[in-house]
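Structure first, then comments.
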Amino acid sequence: MLHLLEFVGVAVFAVSGALAAGRKKLDFLGVVVIATVTAIGGGTLRDLLLDRHPVFWIAQPGYLYVTLAAALLTVPYTRRFRAPDRSLAYADALGLALFTISGSQIAERLGLSAIIVVLMGTLTGVAGGVLRDVLTAEIPLILRRGRFYATAAIAGIVLYLLLELVIDRTAAALGGMFAIAALRIAAIHWDLTLPVYSVPDEPQNPPPP
Amino acid sequence: MLHLLEFVGVAVFAVSGALAAGRKKLDFLGVVVIATVTAIGGGTLRDLLLDRHPVFWIAQPGYLYVTLAAALLTVPYTRRFRAPDRSLAYADALGLALFTISGSQIAERLGLSAIIVVLMGTLTGVAGGVLRDVLTAEIPLILRRGRFYATAAIAGIVLYLLLELVIDRTAAALGGMFAIAALRIAAIHWDLTLPVYSVPDEPQNPPPP
Amino acid sequence: MLHLLEFVGVAVFAVSGALAAGRKKLDFLGVVVIATVTAIGGGTLRDLLLDRHPVFWIAQPGYLYVTLAAALLTVPYTRRFRAPDRSLAYADALGLALFTISGSQIAERLGLSAIIVVLMGTLTGVAGGVLRDVLTAEIPLILRRGRFYATAAIAGIVLYLLLELVIDRTAAALGGMFAIAALRIAAIHWDLTLPVYSVPDEPQNPPPP
């Protein structure tokens, strides 16, 4: 189950990365690089932090082939058909849901405490997209305009951990994933955001030359 | 002693991260994310590079609670009271001092050579702030305008290593930390900078389209 | 052979980093930081991903001295003599060739599959420059305008793996390196680029406030 989830998550995140690269007008190799970083970035960081070796895509290079195929199929698809509106956001929401829950299950099986399970799940889901944004010189808008990105991940993991107390683990995982994708898509549609925290700039700071 | 230092360092760096997030008008979750990255980024990179597992905040999730509490207390505090002028810079100077020395002590106890001790200490102190700047799309001004940021860290570690030859390790650590914080605050007050190195741009490079 | 390659690669990447820092008018310490990140970033990421500990420059701090010396010699050199035109690009092409092949040889000796060998080699060659660009707030132009950067690395590794089937490993490595440097320099001279993939922006996305 975990492996299958990660395969699907890798594929949809690769599509989301390829679309983001297309919006930035990168060349074909840039498309593959951004798709790969988006797809395997979060899981790689999780594996490094948890000292899980070999890293998941070294243990199972199949993930890289899936990434490559997903990125390369996205290009002709969007050339022939117009990219469906908000397609990037939907692919991203699905990848977020899959990676977040699979990441938290991995931390859970290592017997780590609840806060680490939440953090690892969130990081697995979010880090690939943050790396994609940093590399394409987008300020991780995730952080700025919010729209319940990491919030959705955290809420879904908490729901999963709670559901697990009463129902079967697989059903709980599906519930958590559904909550993440639903929250995220709802946030996009109705422009939901978290309150903003604002501190005025310090006047003493001289402007950069 | 080391643990206590790291706890205080984590707290002040979390405050510095939360203030930086407030300056960028991030939402509440963005505040927590930036505070966390700032607070644990340097130590995490150090642990990964030195292959120390579990990473300090996985071994001791208390660090995460401290980060969360520090970030969440910063928000109402600066809403009720005006953020004291240069508060971010002072919190940052203290965090830099604490993390730099604790990081170099960890490398020292592993019996690594002096240049690695200096590098690991500097990296522990500086990397969290660099990550904060990259994520909030600030060019790490540390690098550009200098103001003795990493310079203060390096000078403090060298002083610590020298003092250790003649006095007790704890006293040497305090001396090193004091030097770092003092140098950094002096650099802010008197706008001290290092000389700048400048190479003209190559005219052959076509401007980006 | 591997060690010697890595020493030369570290030195030329340090020069390339120092020149990039000079173009950005960083202070002296910024020059050292960027030179170091550029020089050891790719190899460090490779070692972390492959769980090779101690990381190459912790095992052999000589790399750090070479980096430091190369960065510090670049400053007076370009002050006295004008930086030769395109010197940064040439130093970079050489470093790319050396690091890419040495990185793929390391993955090869661990018995990893071909796709991982290609990826590790490319990553070893490219990641230092990407980190340099992220830290100096250059969008990794590598990705955008292409000019066969990672493409050259990948082509060189594939050539190396093929040559190895028919000739001696050292000769194959030299062939691969030559191909990388030649492709990269040719791409700069004749402005070769890969086709660009472009997806129109979604009109629904409100502009950032």
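By letter and in written order, the chains are A, B and C; residue numbering begins at 1 in each of them.
Throughout what follows, contacts are C-beta pairs under 8 Å (C-beta built on N, C-alpha and C of every residue); 3 or more make two chains touch, one makes a residue touch a chain.
Note that the structure is a prediction, hence the values are computed from the model and not measured.
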Give me the set of chains touching subunit A intersected with the set touching subunit B. C
Where subunit B and subunit C touch, do the two copies share over half of their residue numbers, giving same, or under half, giving different? different
Nearest 5 degrees is plenty: how much rotation brings the CA atoms of subunit A onto those of subunit C? 120
Between subunit B and subunit C, tell me the centre distance in angstrom, where each centre is the average of that chain's C-alpha atoms. 27
Return the residues of subunit B touching two or more other chains; collapse runs of consecutive numbers into ranges. 48, 134, 144-145
Subunit A residues touching subunit B in their complex are 48-51, 112-113, 115-116, 119, 130, 134, 139-140, 142-146, 150-151, 154, 193-202, 204, 206, 208
Contact footprint of subunit B on subunit C as seen in their complex: 18-19, 21-31, 33-34, 44, 48, 53-55, 58, 61, 64-65, 75, 78, 83, 85-86, 88, 134-137, 141, 144-145, 191
